[in-house]
Structures are given as C-alpha cells and as structure tokens.
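Two complexes come next, and they have one chain in common, subunit A, joined by subunit B in the first and subunit C in the second.
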Partner chain A sequence: MTAYGFMAPAGLLVLLFFFLPVLIVLYLSLTNLASANFTSNLAEMEFIGLRNFQTLLNDQFAKKIFFNTIFYVLSTLALFNVTAALIVSLLTAHINRRAGFIFRALWILPRITTSTVYILIWRRMMAEAPFGIINQVNTALGWPTWNYGSENPWVFVILVNGFIGISFGMIIFTSAIESIPKDLMNASLVDGSSYLQRIRHVTLPLLRWPLLFVVTYQSLSLLTSFEQILLLTDGGPGLYRTEVWALTAFHRALSNYFGNTQWGYGSAFAVVLVIIGVVLAVVYMRVFRFDELVAEPRIEVL
Partner chain B sequence: MMIRRSLLVVLALLLLTAVAGVQAQDAVGITIRCKASPPEEDWRCNSFAEVEEQVEAALGIAIDLNLIQDNAGWADYKQEFVLASEAGVAPDIILSGHEDIGAWATAGLIIPLDDMIGMHAEFEDIVPTLWDSHKLGDTIYGIPQDAEARPVFYSKLLLGDLGWSDEDIESLPDRVIAGEFTFADMIATAQEAIDEGVVDEGNGFWHRPSNGPDFLYYYYGNGGAVLDDMGGLVVDGAALLATYELLGGLTESGVMRSDLIGVDWNEVWHPTVAQADTVLFVAGGTWNWPNWAINYVADQGGDAYLFENIGLTLIPAMGTGSAITLTHPLTYMISSGSDNPDVALALIAAITTPEHNNKHAIDSFHLGILNAQLESEAYANNRLLSSAHYMLDHTTALPNHPGWNAWSNAYFVGIQAVETGEVTPEGAVDIAIAQMTNELGDGITVR
Partner chain C sequence: MEVELTNLSKKFGDVVGVEALDLDIRDGEFVAFLGPSGCGKTTTLLMLAGIYRPTTGTIRFGDRIVNQLQPRDRNIGMVFQSYALYPHMTVFGNIAYPLKLKKVPRQEQQRRVEAAAETMGIAHLLDRRPGQLSGGQQQRVALGRALVKEPDILLFDEPLSNLDARLRLTMRGEIRSLQKRLGITAIYVTHDQVEALTMADRIAVMNLGRLQAFATPDDLYERPPTKFIAGFVGNPPMNFLEIEFAQENGAMQLRSESLELGLPPEFAAAAAAADGAVTFGIRPEDISLDDYGPVSGEVFVVEPLGRDDLLDIIVGTEHFLLLADPKRKSRAGDRVRLSFDMTRAHFFDPRSELALSWK
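The block that comes next holds the complex of A and B.
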C-alpha cells in the first residue's frame, strides 16, 4: 500500500492529463461533432460509430500526410535531435569549460525563444528576393537567389525544428559525459589514447542509455509536434507538401478559414496518433530494454 | 454644528454611492466583438461608442459597452465565438462573414432577426440584394455591416510600358463590362507582357496567396453553382474542370507563378503588388487599396500614387460571358446567449446610417450598404468608391450552408493541386469531387 500511496500523486496526474483526454478524444472521434452542432455535453453528441475512421481511410491524402510525418520525425531525429546534439555535447565538453557553457547556452536560445518570434525570424531569413535576408546576402555576393519557401520547404521545416530539438539531447548528453568517472579517462590517457579514441571507446559506450532515452522521448515528441510547421509553412506550399499528421488533426478539429471545424473527424486523426505513440512506446521499451535501465545495480555502492 | 455638518457629508457620500450603485446595477452590459485591420477598419466596432449615448437616451437605459476589436486570423476568430458560446461568455454582437450563418444558425449560436428588424426603420434602407446573403433558408440572421468588391487591379504603369495608350488603359473597366476584354484577353495581354520583357515570368497575373472567398468567382464565372434550388450542396463537374483548366493554365504557361499559394501576404504579396511595377494584373479586394496607401506606398504619395499607377475593373468574363465579382459582406449577428438582444439590435440600427457607415466605407474602401448612403455627397464624391460601386451590380456571394467549409476545402485542394502542376485539371476535378463526396456523403450532389 505504501508503494501505491507514493505513486498516487503521479498516477493521478497521468490519469487526469493522459488517460482522461485520450478517452474523451476517442469518444469525440465516434461522433459527428462540428461547429454546426457544437456542444460540450458528451451526452448530447451524435454517435456515428466508426464513420470518421472510414472517411479518414478514404481520404486520398492521408497516406501522403502519414509518410510526410515519418520523414519529418526520422530526419529531424537523426540529423539534429540525436546526431547534432551529440556532436555539440562532445565538442563543448572537450573545450574550455566556460566557452563550452557559452556555446551550449547559445544552442538553448531556439528552445526558449517564443515560437512566433522564432518563426518570424526564420520566415524573414528565408523569404524570397528581394525581401529575405539569405537572398539579400546572395545578391550582395553575386550569387543566384532562391525561393527557399517553395523550393526547399522540408529543409527549413527540419532546420527550424532541429535547432530547437538539439538543446534537449545536448543537455542530457553533456550531463552524461560530465558524469563519466575521471579514472576511466585517466586510464585511457595512460594507455596513450587520442581525443577521438577516447570518444569512440570510452564516452560513446557509456552514452547508450542517454541515447536511447533521447531517441524514445524525442521521436514521440516530434510525432505530435506541429506548432513550428503551422507557423512556418502551414503544411504547404502546394498540396500538403509539409503537412504532418498532428497538423491535420489541428486543421480539421480546430482551425478552418471558413469556420465550422470538424471536431469529431479531427479527433479521429488524433486517435490514430495516440495509437501510433502507444505502440511505439511499447516497442521502444521492449527493444531498448528499459527494464535494464531501471534495474537495481548489481554492485551495492556504500 | 461640526458633528452635524460631518454627518451631512457622510450622508451625502452614502447617497452618491447608492445612486452610483443603482446606476451600475441597472446598466445593460453589451459586449461587441469585431475583427478589423487597423486603422482603416476600426469603425466596425468604434462606431458603437459614438451611438452609445443616443441609444441610451432613446431606450432610457444605461449601457455598459464593451468593445473587443483586433485583427485576429479568421480561423481563430470564428473558433473563439463557438467556444465562447458554449462556455456561456459569447459577446452579444459578433461581426463575422455572412457564411458563418450556415453553421452558427444551425448550431443555435445566433438568433433569427426577422421579427425584430421591423422595429428599426434604419434597416429598411439596406440595399435589398444584400439581405440574400444574410439568410439561412428564408430566415434573416444578420445585419449587413459592409460590402465590397473583389476586382482585378491592373498596373497602368506596366500597361503603358506595353504600349497601351492612356485611352486604352482608362477604358479598360468599360470594355470588361461590355465583354470586349475577357479573361482570355487578360491572359493573352499578360503573356505578351512577359514575352516583351515588361514583367518577369510568373508576374503576368496574381491571385491571393491563401484560401479565401475570391476563388469561388472562377467557378461561378464558368457557370458553376454551389447550391441547388432546394438549398442543397451541388458541384458542377464541367464548371470545376473549366476552372481548373483556367488556373492550371495560368501556371503552366508561366503567366502566374506556380508557388503563389503559400507566399506570405505581408512580406511578399502586398509589398510587391502595391508598387504596381512588378505584377501586371492582380486579383484582390477593394479594402487592399487603403492598406497599400497607408502601409506600403505612403512615402511615395499614398492614394495619389495608387490612383496614378493602378486601376480596377471587374473580373473579366470567363465561360459565362459576363464580367463578375464577389462580395463578402461582413454581418453583425446577435448571440443566442445575449440577455439583451433588443438593446444589441438597437445599437446596430443606430450605426446603420449613412453618417456612420460612410466613415467605414471611405476609410476602408468598402462599399456602402444603404441606398441613402449611395446618394450621399460624401460617398458619391469619393473617387475610389464611385469607381467601384457599380461592381455590386455584377456581384455574386458565398453560400450560407453548414457544409460550405468542406465544399470549399475540397475545391481549394483541387486548385492547389493543379496550380503546382502535380495533377492535370481532370485529375484535380477527381481529387476535389472525391474529397467532397468522402466528407459530405449524401449531403452533396455531383452533376
């Protein structure tokens, strides 16, 4: 009972802010709730069974949006949230401590800057000639100008999100690197290892758990993120070129130029996302053997 | 004596407090929510402050007026009203596009006004055709706030460079009305301007860069209908194909840039077209004019610069053979949650006068809604309004139907698909109709 008592506050939070919303979204997805029949009374909503999911399956762009999401999550995760974060951590951990701190502080700026301000900066940078800053530099240097927004929208979507994502992995990795016992490094130095050899043979093997944690947490986080994409491209240009699943759920349920949003249909998109997230979480826990991470140490430290 | 005087002062203060309390208690609270681009559209809400005392005197009540006005995006603005209504904190009066009547009246968020309109003579003077877009079925749910036209702006500067005489340029609106200068002629002119190097490829013609009411006039102009005689949703395959052929052809030929949809309004679209030196023909809205004058060409002379370099005309004739435009009146609607709908309507009536509506019309270049207003000196002598008011004779409007958003989303997806060259016009028709039927089911007739 003591254990359950200790878990109760956290359990209550999970119940209130995860299970309950999931149940509500699941229920909404089985109704035809829209602005034209809007009510917050669950009993007054019209139950339509799985019709929203049937509509979703028949949606000719659902497949495209699904693969957009996979591409977005994998690219951002692989290039920035893990790789770039690891590189920044390794570099800043191996230079002067104060300089390393300053560099890391700079990398945190994208995360702490207000989303709208952050995206306004990017939009101004990538705008077409003669308005965009990058194109103004191109012009000054005599280089050709580009319409980055329409030519390479994914590059900027991934850059914008990746620059924010780096900071999370960077903090986790840096703290892990800093906590590597000095005697391991000293032993490695005595053996005559170089910087790269120490990173390859000492640091990286000891970062396994932080790496797996960052992959798990950030991939699930990216799966549901759409705020920056909404502000940067709103899923465009053209035909759903940068539209991701979470953004579609938002567009359907909460945001339409002509009003009358489809809460029920949008919830069906959200339910699919919840299912994917839960499945991925279970897979991660099994594949990455998280039970080993939280297992009691075999050596008792006094 | 001293004590007595003090007591009198205390009593007087208590009396004053009590009177003030009674007044505050009796004041009728009216909250009004408006969306307006500052400063030119601020009269949408600010006009109410000017008539507050007049209505108080007429009704013999005190009004506690709360005006909430900003330039939020339409999607957020509309969602806000729906959520506020459900939460029981909706404004008494909401100003929004007339097409919201379709969903909001169906949901019971706004009240019918037929029985109340007769109490105010001001409404009798509203241009009769405007009432059509304020009804769901035969019931009136809104009072027109303004009207506008969505014309083609043409660059006099660039047409001059192309070799057009002043007479050719000035007579363009008349030739468009007469059907002598059609949409096909406009495309040919734009193509010629590109070939001659007057404008760059992609800059012969621009429409708006995001979804909006404008796009429907291409469909109407090619003979399409959104509602049948019974008020049900329909889609005409032939008109849809003609529309997608037209818009797809614009980007395929290079007359219009294929990435126009998605271009930023404020960073690219307005600054480019307001100068009149880059794009030859621009499909916009009358309200763009004061925005350009104030925000984009003010240091070049504002209005004077625009008059010198830009003209406006109806959308030249497409398949139907008639020039066209579309008006999208904003409408004052009264929330079903309002405790004082009579007071709310009295306030709306008080600003539905030539005096008040002219301020908005002149400042924001929106067209008048009252017959008397059209005859008033201020309106008639306004060069801009007098150059555009005739467009109301050629106008169309959006439908009021709860399924309109699903219809328009699918229609716009087809436009995006064909303009980017991802599909043929026939493919775009298939995409749009498949999406309409998937989401509206039996609620739409394909013909």
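The block that comes next holds the complex of A and C.
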C-alpha cells in the first residue's frame, strides 16, 4: 500500500498527461470534429467510426509523408544522434579534461537555446541567395551562391535536428566512457594497444548498452519531434518536401489552410504515430532486453 | 632487464607525486615499492608503465631511455589490484589480447595462451568470462595476460589486496616462485609490509613522494635507517620512547620519566657523547616478561593472536607492546616484570628522525 502511495503522484501525472490525452485523441480520431462543423454544442459532434483512417489511407500524400518520416528519423539518428555523439564523446574523453568539458558544453547550446532563436539563426545562415550567412561566405571566397532553403531543405532539417540531438547521446556516452575503470583503460595500453585500438577493442564493446539505449530512446523522440521543422521549413518548400508525420498531425488538427482545422482527421494521424511508437517500444524492449538495460551496470569493476 | 631511475619527479599541478627518485634495479630482481597511501609508489609504477609522463628525470630500461615511449613499446606486463580484465572477452580472449595486438599468428596465439593458462592453473577456464570467475581465478588470468607476451619487466600494482587472507598467502608464494623461475625483473607496489618483506629481494620504502630507503628486507628490519621505516616495517610496530642518557657509577644508563635501563658497552661511547634527548626504539620481540627483570609494569590490554598474546603494558606513563606466550594466561591488571634486550636497541635523532648508527 505504501508503495502505491509513493507512486501515486507520478502515476497521477502519467495518467493526466499521457493516458488521458491518448484516450482523448483516440476518441477524437473517431469523430468528424472540425472547425467547419464545430458548434458550441458538442453533442452535435458526429461519431464516424474509422472513416478518418480510411481517408488517411487514401490520402495521396500520406505515403510520401510516411517515407519522409522514416528518412528523417534514420538519417538524423545515424549521422548525428548516435555517430556524431559518439565521436564527440570519444574525442573529448581523449583530450585535456577542461578542454573536453568546454567542448561538450558548446555542444549543449543548441539544445538549451530557445527553439525560435535557434531556428532564426539557421534561417539567417541558409537564406536564399544573395542573402544568407553561408552565401556571404561563399561570395567572399569567390564560390557560387546557392538557394539552400529551396534546393537542399533536407540537409538543413537534418543538421538542425542533429545538432540538438548530439548532446543527448554525448552526455550518455561520455558518462559511460568516464565510468570505465581507469585500470582497464591502462591495462589495454600496457597490453599493447594504441589509443584507436583501445577504442575499438575496449571502449566501444563496453558502450554497447548505452548505444542501444540512445538508439531506442532517440528514434522514438525523433518520430514525434516536429517543432524545429515547423519553424524552419514548415514542411516545405513546395508540397510536403520536408513534411513529417508528426508535423502533418499538427497541420491537420491545428494549423490547416485558412483556419480550416480538422481536429478529428488530425487526431487520426496522431493515433497512427502513437501505435507506431508503442509497437516500436515493445519491440525494443524485447529485442534489446530493456529490463537488463536498466538493471545493474554492465561494467563490472571487480 | 635492468631498470634505472634518475632524478625522477612527477608533479600534478602543484601537487608533488614523486620527487627526485634515484633507483637502480638489477636484472631479474624482485623489488617492492612499500609505503602508505599517497606516498608516490603507484605514481612511480605508472611512470614505468608509460601511462604517466615524468615531469623531470629519466627512466632507463637496459640501455634504452624510455621516457618518450608509449606503453606498448616498452614490453612490460602489468597486473592490477582490480585485475582489470576485459569483461566482454573470455579468459582466452583476455590472455590472447596482447598477442593479437602484436599480430602473432593465430596458431601460435593458441599455443602460447594455453601454455600460460597451464602455468597459472586456469586451463579449464579458458571459455569463461571474467564475471564467472572468483577473485583468485581472475588474478591468475591477469597474471597469465601479463606473462603471455614474455615481457622484460613485470609490474604489479597491489595485486593481492582484493583477495582474502588465505589466498593472498598462496598467491604470494606463487608469484614469487614464478618470477624466480622466469627470471623476469619485477616491480611490486604494495602497502602491505608483510608482502614486501616476504617477496622482495630489495624494498624501496617511500613516504610523501620521497624514497626513504632502498635495502634488503633483513637490512630494513635489522637496521632501519629512519624512524618512519622502523615504525612502518615490522608488525606489531616498534616501541618508541623519548629518553636521555646519564652516567652512574661509571656505566651509561638510559632514562625516561618512568624507566631506567643499563646500556650495553657497545653503545656507551656514543651515548656519552649524545647531546640531549634521543628517541629510543625497541621491537616487541626484544622485550620479554621476566620475573627477575629490572622493570616493573602493569598489563593494560591483552590481544590474543593465537600463537602469541600481544600485550600492551604500562610502565609508569609509557606504553610498551610486546609478545608473550599465551600459556602465561596474561590478564589485564596483572603486575609483571620486564627485561629489555638492549643489544637490539635502536636510536634515532628526534629532530631529523634519522637512525643514529652507534654500533
């Protein structure tokens, strides 16, 4: 009983801010609620079964948006949230401690900067020729200018999100590297390894669990992230060039053209995302044996 | 391989780890670095291993100066207190790791790992992981890994501290005999004086980053050059007492507030010349309970050690530790008489704490 008592506050929060919204969204996705037919009398809201999902399946852009999402999640994860994060933590672990600390602190800046400010900086950087900081540099160096925003929107969407994503993996990996016993690191050098060989044979194998954790956690959080894309490209340029699933849910439900918001239809998009998220989470827990992941540390000291 | 340290220092910012260390280690010698925590012994070992770079001074292996060499170019084997086995590799993988890095052919790896495992008596454990081994087995694997590449020098960093007392005793003998048989120069860091005394050919005693003495175990025990060593080497520790000398009826006497003892003739001349107070030291085994002894005291504490009773005896205001036969069934409060074997007395200058070599 005491146990439940202690868990109650946290449980209540999860219920209020996670389960309840999921239930509401689930319910909304089964209705035709939209600004077009919205009256102050909620009883007039029509229950339409799975019709929203039917519309979604036949939506000519749904497929494009779906693959956009997969492309976005996989590239950001592979290039930045895991690989770049790993490189930053390995590099900063092998240089002067203080310098490493400063370097890591710099990498946290994108995450703690207000997103609007952060995105504004990027938009100034990538602005169309002849404007934009990158184009100014290009001009100064005698290189051709370029319309980055319209020609390579994905590069910037991934960079913008990747720069934020690095810090998460970086913190996890750095603490894991620091927690490898000093003796073990020294033993490897004495046994004859170079620093690179030590990373390959000792450090990386010991980072297996943190690596899996970052992959699982970050893929789920990338799936649902959209605010940076919203502010940077708003899914454009053109028709859904960089639109991802979570952004579509937002667009449909809350920010459709001419204020014509389709709350019911948008909720259907959100529900699909919830289902994908839950399925992935279960798969991760099974495949990566999450219970072991959160159990005792894998690095045995003695 | 001979090892020569010349004026070796290591500073961490303003903190002195090791200062001006000079040491010559002979080929095939077993040298122990002995000292309390923070005395600089592990720092010295890590400089020998190439993990730390010396602030000043040189390290010579044979006729090569190795200051600038990476650990892997020094051909050393090292055994750590925490064993430092790679948890994700099997025992075989652990022992084979140095060979793999040296690009030794696979078949020879197999042969040499099996030979090393045989020597260490762990041949049946080759496909286990470190987590599935006991502490003693892990330490054997660590030794096997250090030996498999046939190093010129073996470094030990308190390798037995994490083992239980019984196992420590066995491993002590094993490491010692293995080292003698292979003839590898070994440097062994420990804070346990029994390990140093029983295993080493010579002991380098360190304190506060400085070398206090470098001598054979016998020398250190019989003729401790400083008061620190006299108190550190030997268990139970030496008794110390501030005394003065006085002449009475033509014979020299040693006096403190609560004690008066005759001095054997070999000390007499030097004692007569001594000026003021001197620190007198005597080991517990050189004091005995003797019903006709010249000193009387009272038993304060009895600590039964099995073979002996360790007695803490009050003489006047002074405490003395000594070992007594348990058959005497000494009890706290007993009145006893003591005799001191003054031929085995030690004297130290109370200010410099250096031994006064009067014999």
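Quick notes on this structure:
Going forward, the second predicted complex is superposed on the first by the 274 of 302 C-alpha atoms of A that agree within 3 Å, B and C clash if a C-alpha of one lies under 4 Å from a C-alpha of the other, contacts with A are read in each partner's own complex, and residues count from 1 in each chain.
The rule we apply is simple: contacts are C-beta pairs under 8 Å (C-beta built on N, C-alpha and C of every residue); 3 or more make two chains touch, one makes a residue touch a chain.
Just so it is clear, the model here is predicted, and its values are computed rather than measured.
By the touch criterion defined above, A:Ala84 reaches neither subunit B nor subunit C. In the superposition on chain A, A:Leu254 makes contact with subunit B only, not with subunit C.
By the touch criterion defined above, A:Met170 reaches neither subunit B nor subunit C. Once the two complexes are overlaid on the shared chain, A:Val157 sits clear of subunit B and of subunit C alike.
Once the two complexes are overlaid on the shared chain, A:Gly236 sits against subunit B while remaining clear of subunit C.
In the superposition on chain A, contact of A:Met126 is made with neither subunit B nor subunit C.
By the touch criterion defined above, A:Leu28 lies against neither subunit B nor subunit C after alignment on the C-alpha atoms of chain A.
In the superposition on chain A, contact of A:Val202 is made with subunit C only, not with subunit B. Of the two partners, subunit B and subunit C, it is B that touches more residues of subunit A. Across the two superposed structures, the residue set of subunit A contacted by subunit B and also by subunit C is empty.
Chain contact summary for the complex, subunit B toward subunit A: residues 74-76, 78-79, 82, 85-87, 96-97, 99-100, 102-104, 106-107, 109, 210-212, 259, 261-264, 267-268, 271, 402, 404-406, 408-409, 413, 416-417, 419-420, 422, 431, 434-435, 438-439. Note for the complex: subunit A touches subunit C at residues 181, 183-184, 186-194, 197, 201-202, 205-206, 208, 298-302.
Put simply, subunit C touches subunit A in their complex at residues 46, 49-51, 70-72, 76-78, 80-84, 86-88, 97-98, 101-102, 130-131, 135, 145, 149, 155, 157, 162. Here subunit A touches subunit B in the complex through residues 34-40, 55, 58-61, 123-124, 127-128, 131, 147, 149-150, 233-234, 236-239, 254-262, 265, going by the rule given at the top.
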